[in-house]
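For reference, the structure discussed in these notes is given below.
Chain nomenclature is as follows: A, B, C, D, E and F, assigned in order of appearance, with residue numbering initiated at 1 for each chain independently.
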Amino acid sequence: MSTPMTGPMNGQDKLAHLLLMREIEDFLYREADLLDEREFNAWLELFSDDIRYWMPIRKNLSFKNRERDISGDHETAWFDDNRKTLQSRVNQIMTGVHWAEEPLSRVSHLISNIRIEGEYRDVEGAEILVKSHFLVHRNRMETETAFLAGRRHDTLRRVGSSFKICKRKIIIDQTTLTVKNLSFFF
Amino acid sequence: MSTPMTGPMNGQDKLAHLLLMREIEDFLYREADLLDEREFNAWLELFSDDIRYWMPIRKNLSFKNRERDISGDHETAWFDDNRKTLQSRVNQIMTGVHWAEEPLSRVSHLISNIRIEGEYRDVEGAEILVKSHFLVHRNRMETETAFLAGRRHDTLRRVGSSFKICKRKIIIDQTTLTVKNLSFFF
Amino acid sequence: MSTPMTGPMNGQDKLAHLLLMREIEDFLYREADLLDEREFNAWLELFSDDIRYWMPIRKNLSFKNRERDISGDHETAWFDDNRKTLQSRVNQIMTGVHWAEEPLSRVSHLISNIRIEGEYRDVEGAEILVKSHFLVHRNRMETETAFLAGRRHDTLRRVGSSFKICKRKIIIDQTTLTVKNLSFFF
Amino acid sequence: MKSAITVGGATNWFVDRNIFSSADIYQQELERIFRRAWLYVGHESQIPNVGDFFLTKMGEDSMILTRDQEGKPRVMLNSCRHRGMKVCRYDEGNTKLFYCPYHAWSYGLDGRLVGLPAQKESYDASFDKSKWGLVQVAQVATFKGTIWATWDPNAPPFEEYLGGAADALRVGLGPWDAGDGEVEVISGVQKWIIPANWKIVAENCAGDTLHDISHRSVDLARIGPGEGVGRRDPFGKLYLTHHREGHGLLYEKFDIHAPREHYSSSPETAAYFQMTWKKRVERLGERAGNAPVLGNIFPSSGFHVGQPRTIVAAHPRGPNETELWRVFLVDKAAPPAVKDFLRRYYISYAGPAGMTEQDDMENWAYATEACGGTGRSLQFHYGAAMGQSHQDPLIPGNVSDQFWSEQNARQLYTRWQQFMDAKSWDDLRFEDAR
Amino acid sequence: MKSAITVGGATNWFVDRNIFSSADIYQQELERIFRRAWLYVGHESQIPNVGDFFLTKMGEDSMILTRDQEGKPRVMLNSCRHRGMKVCRYDEGNTKLFYCPYHAWSYGLDGRLVGLPAQKESYDASFDKSKWGLVQVAQVATFKGTIWATWDPNAPPFEEYLGGAADALRVGLGPWDAGDGEVEVISGVQKWIIPANWKIVAENCAGDTLHDISHRSVDLARIGPGEGVGRRDPFGKLYLTHHREGHGLLYEKFDIHAPREHYSSSPETAAYFQMTWKKRVERLGERAGNAPVLGNIFPSSGFHVGQPRTIVAAHPRGPNETELWRVFLVDKAAPPAVKDFLRRYYISYAGPAGMTEQDDMENWAYATEACGGTGRSLQFHYGAAMGQSHQDPLIPGNVSDQFWSEQNARQLYTRWQQFMDAKSWDDLRFEDAR
Amino acid sequence: MKSAITVGGATNWFVDRNIFSSADIYQQELERIFRRAWLYVGHESQIPNVGDFFLTKMGEDSMILTRDQEGKPRVMLNSCRHRGMKVCRYDEGNTKLFYCPYHAWSYGLDGRLVGLPAQKESYDASFDKSKWGLVQVAQVATFKGTIWATWDPNAPPFEEYLGGAADALRVGLGPWDAGDGEVEVISGVQKWIIPANWKIVAENCAGDTLHDISHRSVDLARIGPGEGVGRRDPFGKLYLTHHREGHGLLYEKFDIHAPREHYSSSPETAAYFQMTWKKRVERLGERAGNAPVLGNIFPSSGFHVGQPRTIVAAHPRGPNETELWRVFLVDKAAPPAVKDFLRRYYISYAGPAGMTEQDDMENWAYATEACGGTGRSLQFHYGAAMGQSHQDPLIPGNVSDQFWSEQNARQLYTRWQQFMDAKSWDDLRFEDAR
């Protein structure tokens, strides 16, 4: 179990840890709801200015190369957005003439397996590595349907009574995408 | 993070809040198990007598009308049950001659993203708005398979040491259903 | 809500209960990550030497026989592994010539609905029955895709500051499997 | 094609199962039936105003139903004439133009091509915009609020097409008091896809009395709108009737003087029903006791008159798949509480969550599946109560002597065979109806 | 059809890949092979009592296997004669009647139509219920506990159909001690769908010795039932044999006097095996040292005799898809601990979670995929060890000189071609076998 | 086949929609186009060393692209000659052998069969291993780093095939400074499947200027690499040009003396661009002001020269499905920060998450869908700016007078029809080009 960096936990530490976990869950679930309720600009507010929003591609490699089957920092990716390009994506949807999302997709983000990786300190500006799994369901037009599953590695930065996501790495399972586009978020 | 309505939380409040969250999770997971284990009558006991069990339909609308893409209170829906009609559904299954469920479907309800929306008071009779996401998998006969994803808005009413669900709004992502029937619950 | 066997919970009990729930969640999510990150030998370490890793088959039966639609202890199953055969499975993958997993599948285990069934005592060697739901996504080669959903009944045995899984019963929804093999874990 | 129907002795009336599974026959159906017949496309209450539109279907095609500047309903193929893109991608709305997202051709409410980027630069003066409007159906008709269309210019006028079924629609689609009030669609359409051939749905809508027993679970669970009833309030005596045009219907006859206690579990609804029933009797006299219950307009537009009040269009999607579009109707003038009670009852009865329709669909799905494999060489049996019909002064059509009859299904497949064999509507029209 | 087989010189024996991908050829296979051949449908231990039923498959069809009032196994199409609905929707059970959920026709255990609502009212006296029972197969046979059926009344009796493969089944399906004890199916069937053509599965079951190397991962991981073995206890010397009827088998020969230490990781099982082995030798003498290992009964009923002891039916589902049904067998008299050890070993070896079969399926799937695209115009190579067979006094059939031979696959496709070309069983029976 | 093209008056140039939906025509395309034409298969930077391999596609087939012992690129069908299994199952890597998992045949880097278990025992001396190597394409060519292949031995050499489009590729695939430096693929390939016919993709890549308006959302959202620009930095004046070989291209002309402020939002990139731009002008002089922008090499290999710099291969997967493989290119010598900025911009523009390509794909998908149902009997309209082209001293090919022209699509379908009608390359080669 993840622990604060402050050594063995006393009762108060324990309570603090439990509250932090709830806070993180609440934060990520709210984030999912903002997306599913199409509050895209409010959603963007959850990201820091230095966000890296990154979805590498996957490859089929031999057993001995299995660890390289997620593309690296400077390789081709599906997404590799910063704050500005993320904002562009939102702006594009808000034009009302982004045909790939007009009419808007109906999306559900199921977020599960939330846990903190490693030790952490919960102080202003500190960063916590949070892992989660996702299942994103997208349905649009008549019967266009996609289920995409994978994992996320989020770095949450403590900012006051909330967090900013300052890095999101999205690891999907598909190599060849069977969905025609990625006009929605993860 | 949702907070009790009692102002800033002290240590005891915090513990109470965490316990409440667990209680809600436990309640909703148990509910899912009752369904998946086909304890339909026990499942029904979790609903209040004034339950509205409601699944609106979805529509493709233009960007500016996007907020109306969930059908309204008096429009066509998939489900709009009260206690009596919910009981009828259960009774129908228990006849053993409800052919759409004979043999019974094998169903799994994955419930995630559980959170309280807004402030709450946890006193007898008080109502708490709980949001969650679902993935319902249904398999029956040889290879009939459906995955339906979406969100639920549940109103839980405190009754003694447990809750009654007094309103459930089920928001699915599909407009045109690709499943032949909805003979199972959400 | 599940309670410790020690009678009505006092404040300390409550905190302990909440910590235990988190510990179980963390344990099961870490387990999922070990699988999804292909740390198969580390994953195996989470199981006790007397593990029964069991996935019965499902059947279509009449309403009155519905409770027998999960195959029994001595009937045909999909998996019925002990520690040795589980280890063989891992060893097989590690040969690098297990063609069904070469190249390796890309798998995500979404674990949800975690709860303790029944009363429990959290002392060394004690066993806790933990129920959960799973959605396992498997993608490999170009477009081979499978989503398998169901429930797990895990018996966790307290060993020091962690657990060992000493029984896992995996209840899937499919009767006829629509996936060509089960060369991955649940 | 070789006839799919085999008729032998007094109980031998068979239909080849392969017409429910063959991809070739399915393609021919799209051409010979769905591009010739009149199809239900919507209801006037769905497009009350100029510029209102509603996306609908005919056969496999996405169609725009809209009300043009003259207030006329239009039915047009939802596909740009340039490179085919859908020019309307919203289920409903109000617009002045249908604008193509691909290269921005735009079309008026009447389907005319009105805008075209670079027209001056890139299109010769010889380009005749009037020839490049949206593809329109050949004929549109309205009937008691419902809207129908056909691709075939040689199809007879809609009322001729209806033949003797017009009476049932005229009565069944009107308000309960048989007056001039409007009936409206409850906003929204239930759309869902089932693994069944469209004809099995049609045959059900046409009145498959023998399958009554399949609904035992709802009768036992008493899902009806009255205290103590099964799935519906009690009917009078029921009669099947069919028409040479391929339509099949069910009527009931009852004593208009006997008390009727329908909708007893909702006092407002019961009261509304008593009030309208009284007016109906005043207006129609004895004829009020001869009422259509349900029916199918060839090929696959089904309706229920009362419990529930609904129209379902069975759109084909291949031999093994059908997309059902179901709407529910209420008297516009009914009080909100009544509308609400009915809405809830209707959707608990029909649609994918409808407790009654669920069991129907289970049977339709596996009947369809049985037409593959060895089933390809087998036949279905439609021999119940052959040759037992009569004329009735108050029920148009060939009225079955027997309630347990398959006459309506037989007429459906007889007409189906005629459409499949016909070269054109010349072979299908009835001389005496022109 | 044009022959799919090309035979040239001493190593040239090719099969067109398109027979593994063509939809047309697949449809012909359903008619010419699966409606003519004897197919494995189940085991007597699955329906011990009158009224017991078990849903099975033949080709693409759902079939009911039941035991009628006279105790005879019956095999019937699971489709109501009225409108096709499945009359049995449970994998197994016990019943008196098969009741149709749609319109309530009901059928006896022998398939006869026994109930029919409204019969008196709606069906003329000319309606002959005896003609409207469930569709029955033409012949049913039982053999050492297994049950087989064929649609073709002109198919030869089952033992004639087996030809020289009867010996392998007679020995292989019996108990380990070669006595009169029963063998039973471990309750439950593994059913799963793989993206492979059924013939590739059949060719594997018939003895594809060359693919042994594909199982290196299990040999390395030592999944066998003995300490230190690979995936199985050691065999004696292995011989392929095949029969003109299309069946392919693998036998082993070993010295019955040499010590055998099988199942060494389970003392109870090892003891049970020693005990039965001793009895077997007493009963059979030297012949105990000539044992069938595995085989395929044409077209696609495969079996393994020992490690694991299992029967698999490969049901076709289109050119690219096969549904496998696998059961495991044990001596009824074996102690529970032995049954349990074997059950666990068997399912860790075969089935979708079987470590050995997983690697087979991977190869089958991509071999099938390779028959589309450019593959349509290519051929597979079956030239290993051509023309190298002999007769053996203790192993029936054409016994390969070479272990690494593709003779059994060649015989499978030779017989396949005969079935595809034959007009009827007249062209397929062997005169000297009648 | 009957021509799918109808040409009438000055604005009448139609293509039958059914060529985008017919399964039969699709099968013919695989044979007559994808097995005859030169197809893009990869880039030299993806296999720099001997033994490097990269899995690629031609038509529906999985192909191995590898560099053999002599350093030559080889293109071979990824299917074992024995029983078809894939001998290479990794997207990329380095190897000495392609080893088949099924029965262990193994092949060298040049495709030769080098290993074969039991060869001595089971294969006659007559077995000629040299005939059983992996199936190889007929011709392989490299061109400015790109690698191309064709199945047809009679196809003309690649540069003849390119015809006048060679200029655009020579310039477009080279480094920005027009020097001798290398261009490399950014590691990794975006692969995804879209529900669109491959020709609709090709027609877009060939220069569909009229659809510019469909990208209004990105122009409004300003996703370009410069401050204040829409989706790209400003172009000069744009010209469509096409070649009789079926290729369509877009060029721009601009004043080389005017200041260019591209990539203004990334200072490093802007600086790198200024530097290379200066060198380019030094090297090419005025010709630097005539630059290819994008194009399609018949049938479906598309490329963009600058914003983004990318190659896309549209692999057919049935009439309604296409698998897109997209790579991005950068100057090998560019600083890491520049490569990184470009990589991010490129993938935000193109690919499934590319804000621009997303709207394209939406249109392609529903244009394809519109070719089923009633669409089967309709036609697409390609009449914009007919007969309005000229020759340009600096732009090879037939240069459109009009920016808003569909000339390139017309040439694509004209060439498509020639391929579909041709018996062989004899009917397709241009005499004057040999």
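We adopt the following convention: a residue touches a chain if its C-beta (ideal position, glycine included) is under 8 Å from a C-beta of that chain, and two chains touch if they have at least 3 such contacts.
It should be emphasised that the depicted structure is a prediction, and the values quoted were computed from it without experimental measurement.
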Next item on the list: Could you tell me which chains make contact with chain B and chain D both?
Entry: A, E
Next item on the list: Chains touching chain A and chain E alike, please list them.
Entry: B, C, D, F
Notebook entry, point to check: Can you name the chain that lies farthest from chain B, using the mean of each chain's Cα atoms as its centre?
Noted result: F
Note to self: For chain B versus chain C, what separation do you get between their C-alpha means, in angstrom?
What the structure shows: 26
Note to self: I'd like to verify one number: the distance from the centre of chain D to the centre of chain F, where each centre is the average of its C-alpha atoms, in whole angstrom.
What the structure shows: 49
Next item on the list: Identify all positions of chain A at which a residue touches two or more other chains, and write them in rising order.
Entry: 15, 18, 60-62, 97, 99, 102-103, 110, 112, 135, 141, 143, 147, 175-176, 178
Note to self: At least two partner chains per residue is the criterion; list those residues in chain F.
What the structure shows: 89-90, 101, 193, 214, 359, 362-363
Notebook entry, point to check: Which two-chain combinations touch?
Noted result: A-B, A-C, A-D, A-F, B-C, B-D, B-E, C-E, C-F, D-E, D-F, E-F
Checklist line | Contact footprint of chain F on chain C as seen in their complex | finding: 97, 99, 102-103, 141, 143
Check: In the complex of these two chains, what residues of chain D are touching chain E?
Finding: 9-11, 17, 200, 208, 210-211, 213-214, 359, 362-363, 366-375, 378, 380-381, 383-386, 402-406
Checklist line | Parts of chain A lying in touch with chain F, wherever the complex brings them together | finding: 55, 57, 59-62, 65, 71-72, 74-82, 85, 88-89, 91-93, 95, 97-101, 175-183
Checklist line | Residues of chain E touching chain B in the complex | finding: 89-90, 101, 191, 193
Check: What residues on chain C touch chain B, complex-wise?
Finding: 1-2, 11, 14-15, 17-18, 21, 58, 60-64, 66, 69, 110, 112-115, 131, 133-135, 147, 149-151, 173-176, 178
